[in-house]
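Each in structure tokens, the structures are laid out below.
In the two complexes that follow, subunit A is the common piece, with subunit B as its partner first and subunit C second.
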Partner chain A sequence: MKKHKSLLLKDLRENRVKWLMILPAAIVVILMCYIPMGGIVLAFKEYNYHDGIFGSPWVAFKNFEYFFQSGKAFTVTRNTILYNIAFLLVNTLLQITCAILLSELAGKWFKRITQSVMFFPYFISWVVVGAFVYNMFNFEFGAVNTFLEKIGADPIDVYSNKAVWPFILIAVSAFKNVGYGTVMYLASIMNIDSQLYEAADLDGATMWQKIRYITLPCIRPTIVILFLLAIGTIMKGDFQMFWQVTGNNPMVLDVTDVIDTYVTRSLLELQEFGMTSAAGLYQSVFSFILVLLANKLVKKVEPDYALF
Partner chain B sequence: MKKLARTLALFLSAVMMLGVFSACSSSGNSGSAPAQASGSTAAVSASAAEPGKPDISEEVTLTMYLIGDRPVDNDMVFEKINERLKEEINATIDVKFMSWSEYEQKYPLIFASGEDWDIIFTADWCFYNAQATKQGFWEITPEALETYAPMTAESMYPEAWEQAQVDGKVYMLPMNYQELTAYVWMARGDLMEKYSIESLNTFDEVEAYMQAIVDNEPSMIPLDVGSDYDRQFVFDLLWNVESNARGDDRYAVLPPSSLITCVGENDAQANVMSTLDTDIFLDVLTRVKDWKDRGFWSKNAVVNTQNNTESFQAGKSALAVMNINTAKSLYATLQAEHPEWDVQVFDAMNGAPATIQSYLANGMSIFSKSKHPERALMALDYLRNDEICHNLFSYGIEGVHWEAVGEHGLKSLPQSTNYAYDGNCNWGIRNDKFWRTVEGGIPNLEELTDTWKANARSGRYLTFVFDDSEVKNEVAAVTEIYNSDYKLLQLGFTDDPEGDVEKLKAKLESAGAATIREAFHTQVLEFLEKHPVE
Partner chain C sequence: MTKASHISRKPVGRDRVIFNILSHIILAVLSACCLLPFILVLSGSFSDQTSILTHGYQLLPENFSLDAYKTLFKIPEDLLRAYGVTILVTFTGTFLGLFLTSMAAYVLSCRSFRFRYHVSFFFYFTSIFGGGLVPWYIFNTKYLHFHNNIIALILPILINVTYLLILKSYMTSIPEALYESAKLDGAGDFTIYWHVALPLCKAGLATVGLFIALNYWNDWYNAMLFLDEGRSDLYPLQYFLNNILTKAQALSAAAARSGLPMSDVPSEPMKLAMTVVATGPIILLYPFLQKYFVKGVTIGAVKG
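Here is the complex of A and B:
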């Protein structure tokens, strides 16, 4: 123990600058992630404004009953996980494809412009995207129905059609996120040693073969790391996206309600801070277990790439 | 929506900060003790300084939350009010607003946010019970009332004081005003003439009018109801008429209506049932569905966050439904903005009796964590009972926004578009003693009011308060259903009314509706002992 301590001190002294560099990030994490964890007690309390978070009376597991009793726990957990898996697969696939396409493009200016245009949606707020979607699919005056009317087809009622929402959500998620990921993969492709490609050219490899045998294997570490990071958030629905894009529409809740929207909605409707914290805690614990499992899996398959 | 997102973000960070701060303050219990202690010492020192008179030597600024949008001339009016308050009680008021489209979300959040504020509008329909039971409000004891609000103590209706009690404690100063609630249609006279619709006194005429709009005005939605509080207006109107047609067997929906429970109004046995089980539910639903199918409101109504009066005002819809008080101020505004519309107002009650509101329909409360609750109470005392403050808040500045006409009337001046009569969420301080009705408002107002007065009645369960402490989980589950599936039915979104009603019933039962009904049954019986069916 003592030895360990002196080691740490020694390290602190020797690598002062590195420790200093990590300090801002550590402060942010402690302030924003560790200290608020104290609020977890709320899940076991009957909160009132007067006594505050720590003064309110304890109620043990009573707050959890509602979440499971209402039968919502299963639906929202299923939705959250399935959506995130779909986003992960579709986005990663599109990101890699776009990155490879861009890297194969010759025109420098064209490449730059395409890249910027693809990146742009990342900066648009979900509120605005929500407005896009509403203006496209509004039944009476939406762009889609106006177009259908012009060509003489029947208008479609998107807001009460459960089946289309998974596709809309996957599409808007791709719209927002593909550009961002593409840049990451592109950077990793640019780092590949160009001698490899020259050698392949000499051997007479086709473009497909070069992608298959050089590009993809070389960006595998990036793929694995980004994948692992994504697993960590697989229980976290992108709140802004689900809330804004669906407009909190009760008709399609069965297929669009994720844990985060559910928690927010219950909080706003019931003002039961305890019950919603309980749902939030459930999400965190589940998420934590998933990260551990995923990491274990990666460790087995690719020990070098495991996060910890 | 963006505001909502921002509010949420703010709230979440506030919760985190709260965590930080309360973590610092050693033990949990200490949080509440000092607040009480300081309150009582203030009172003690005050009475020590000058017996019977509160200490007002320190100048304070009170923050007051109102619901609605900030009227253009709000600051001008409050400058005058503050002049008066500064002189009398050495305090000024800073007004903040939360708009109609977001108050349902924002209201509960400001209690938890740790923000420093003092006074808020409240009502039985606006979170009074919910926040009172969570100790969000400062308790107004009779002693405090005597000391800090002597004028109110004298003028308060005893029934109002009784109604305001939650578990025997009062947290609100209810308005000093008897109000009749009735709903009206507001329609475009120019369009009615165009399609030769004479009046909108029956649902059939309303239906014909809306059909004419659907057929001939493709750029308009007849009645653009939103997903917030106005979503249930049409359903409730139809329900009331159907229920009233049953005479003495009429139903009374038990508050809170989000629990979807009702009882025969004159049923001494208190056979509590789900509104879905009543014989009129399906009839009402069928009609609402028919109207929705015919395109009388948007197919996107459930995601529409604009309420129907805003839409009407913007010229996007041809009809709006609202309560008479909203209609009064909107009428005045529209007369000025769009005289060419020839706005007309019709009785939407269709013979169902108007309800005499409980005094709790509007009121003012003080935040439990207010730093100056006593001064806030004094300020409210002046707003309610001081004619100068009351009139400024309710009607604006005399000579700028209005002119007195006789003892109890007033005339709105053109400038009143910037501070509408009775339109600035002043309802909580309304006082019969100073009340003036607007002249030259809705032309048939008197006729309407006479009809309503003739058969107005106060519902038996107006003052019934449901204690949900034993059934919290069930209440949470049923409220969730009310806000999703039931909301859809209220707006007529169903392809198979009978099937969907059956499905919803099953869902409610599995959410624990039976337990809630049992709790209602016990409590209603207790209530009936005190207020017997004669």
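Here is the complex of A and C:
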């Protein structure tokens, strides 16, 4: 340890310029990430503005008790995890399908246009996606209800209907993310050695056989890795998406509230610092454990792709 | 993306024909789904208020009208100011972020830098563990005084660890010999970074710079957290749009300034016209920038 320290001091002297070049980025990270990390003690305190983070009195696990006994902990954890699983399954399936279809298409312009169109939603802000949802699902003049009325069906009021939200959220997630993942899987398919396909052609393989026995096995490592890495983020809800798409609508919170929206809402509306930091810490710790676990699994399957 | 697809040279078989038909249908349907919301918003923004109120939003405007845009540009101050804030924040954040990120990435890519793994981990760790929203929020408002401060729109997303690692992997591919020969010519580290490393990874800088710019352009979250209603002059474009969409008073305030009575304001098409105006620049730039983003996604996918 001591030797390490003297090495560091020596390096700080010798590579002064290099360390100075890292410094600005490091300061930003220290300010935005490391110092706030110290604030996790808040989860065990009753915060008041006057005494600040460190002066406020300790309350041990009371904030956690409050969070778990409110019944909210279970609901938001369940929603976060189930939505993430659903997004992962639906998006991955669509992404792989699109990537395979695009890779086999002969027509160049059709391929380019469809790929560009599907990738585009990735670039617009969630506020704009929120506008799309409003435009389609608004009860009085939404396009969906306009359409339903035209064909003589009853209009649906999505803002009080809990059952439709999982479908809307899954569709929106696919809308925003399928193009991105397709680009990723397509790159992985393009890396497959074309000799494999030529050999299969000589053997008289059909399209389906080539997909089944060449393409899919070759991109399997990518699929497995992305799946495993997704485990690491399963406790993190996509805040911007849930906030903008559901419009923070109180009628359907039971089925749309994830940990991140719950924490932000409690912070902004209730100024409830203690309990929300407890919820935040609960999420951080579990996420951290899951990342470690995911990394361990990746290391076992494909050591080259391990995160650290 | 340039590699030819795996087309067989044999006469086209039945399976190929079925596959082609199926894939065209599936891809066309999915693309149409992605396009539909844009068309609906565009059409709504060109409709007149009465036809929306009576018949709802439709795929094509029932009565074509420019009222929404006319009203919007009658009071351009708020909109232009929001545009100004976003442009200022995007430019400052992108150039500063790109400078700091690439500088750190250069050092981390130097094989002669003994502590590169430790420092990389120092940066990487922040992406797998965090203190959560509340301590961050309190620290930023109480101790850094970000409340109602434009810095709050820049600093929180200035450094992104993923982009740092992408740039690092770009720079690692630069042959060390180039650095060595520059050093023999008496160049210091900063000179090598500025005159050797940066010019050699222009593509990487463009890709990462565009991702950073996109994050700033689309940011509304930090504005929501740190800006009060009293400082609406600092509202960036997306948060301005957010308020027009979700807060009735934001729209009526705009109406009052335009001099029109509230009943004459085409509020519904105006919301959509505002959406179109806020998304316009991205739509216009997208065809030219797409290839950089594709590159970025592909690199990120290979290894972070």
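Note that in this section the second predicted complex is superposed on the first by the 255 of 308 C-alpha atoms of A that agree within 3 Å, B and C clash if a C-alpha of one lies under 4 Å from a C-alpha of the other, contacts with A are read in each partner's own complex, and residues count from 1 in each chain.
Quick note on the criterion: a residue touches a chain if its C-beta (ideal position, glycine included) is under 8 Å from a C-beta of that chain, and two chains touch if they have at least 3 such contacts.
Note that the coordinates shown come from a computational prediction; the quantities given were computed from them, not determined experimentally.
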{"item": "Touching partner for A:146 - first (subunit B), second (subunit C), both, neither", "value": "second"}
{"item": "Partner chain in contact with A:301 - subunit B first, subunit C second, else both or neither", "value": "neither"}
{"item": "Superposition-derived comparison: subunit B or subunit C, residues of subunit A touched", "value": "C"}
{"item": "First, second, both or neither for A:284, with subunit B first and subunit C second", "value": "second"}
{"item": "Which superposed partner A:134 touches (first subunit B, second subunit C, both, neither)", "value": "both"}
{"item": "First, second, both or neither for A:36, with subunit B first and subunit C second", "value": "both"}
{"item": "First, second, both or neither for A:240, with subunit B first and subunit C second", "value": "both"}
{"item": "Which of subunit B and subunit C A:273 touches, first, second, both or neither", "value": "both"}
{"item": "First, second, both or neither for A:66, with subunit B first and subunit C second", "value": "first"}
{"item": "Partner chain in contact with A:250 - subunit B first, subunit C second, else both or neither", "value": "first"}
{"item": "Footprint overlap on subunit A, comparing subunit B with subunit C", "value": "31-32, 35-36, 38-39, 47, 49, 52-53, 125-127, 130, 134, 138, 140, 240, 244, 247, 264, 267-268, 273"}
{"item": "Touch list for subunit C against partner subunit A, complex", "value": "1, 3-10, 13, 15-16, 19-20, 23-24, 26-28, 30-31, 33-35, 37, 40-41, 44, 52-53, 55-59, 100-101, 103-104, 106-108, 110, 113-115, 119, 121-124, 126, 128-140, 142, 144, 155-156, 158-159, 161, 164, 188-190, 193, 214, 217-221, 224-225, 238-239, 241-242, 245-246, 268, 271-272, 275, 278-279, 282-283, 286-287, 290, 293-294, 297-298, 300-304"}
{"item": "Of subunit A, residues touching subunit C in the complex", "value": "7-8, 11, 15, 17-19, 21-22, 24-26, 28-29, 31-40, 42, 47, 49, 52-53, 94, 97-98, 101-106, 110, 113-114, 116-132, 134-136, 138, 140-143, 145-146, 149, 175, 178-180, 183-184, 186-188, 190, 194, 197, 201, 206-208, 210, 222, 232, 239-240, 244, 247, 260, 263-264, 267-268, 273, 276-277, 279-281, 283-284, 287-288, 291, 305, 307-308"}
{"item": "Complex interface listing, subunit A residues touching subunit B", "value": "31-32, 35-36, 38-39, 47-55, 62, 65-66, 69-72, 125-127, 130, 134, 138-140, 157, 159-160, 240, 243-244, 246-251, 253, 264-273, 275"}
{"item": "Subunit A-touching residues of subunit B, taken from the complex the two chains share", "value": "1-2, 5, 8, 15-16, 18-20, 22-23, 27-29, 31-32, 35, 104-105, 108, 111-112, 127, 130-131, 134-136, 221, 295, 298-300, 302-303, 305, 368-369, 472-477, 479-480, 483-485, 487-488, 493, 510-512"}
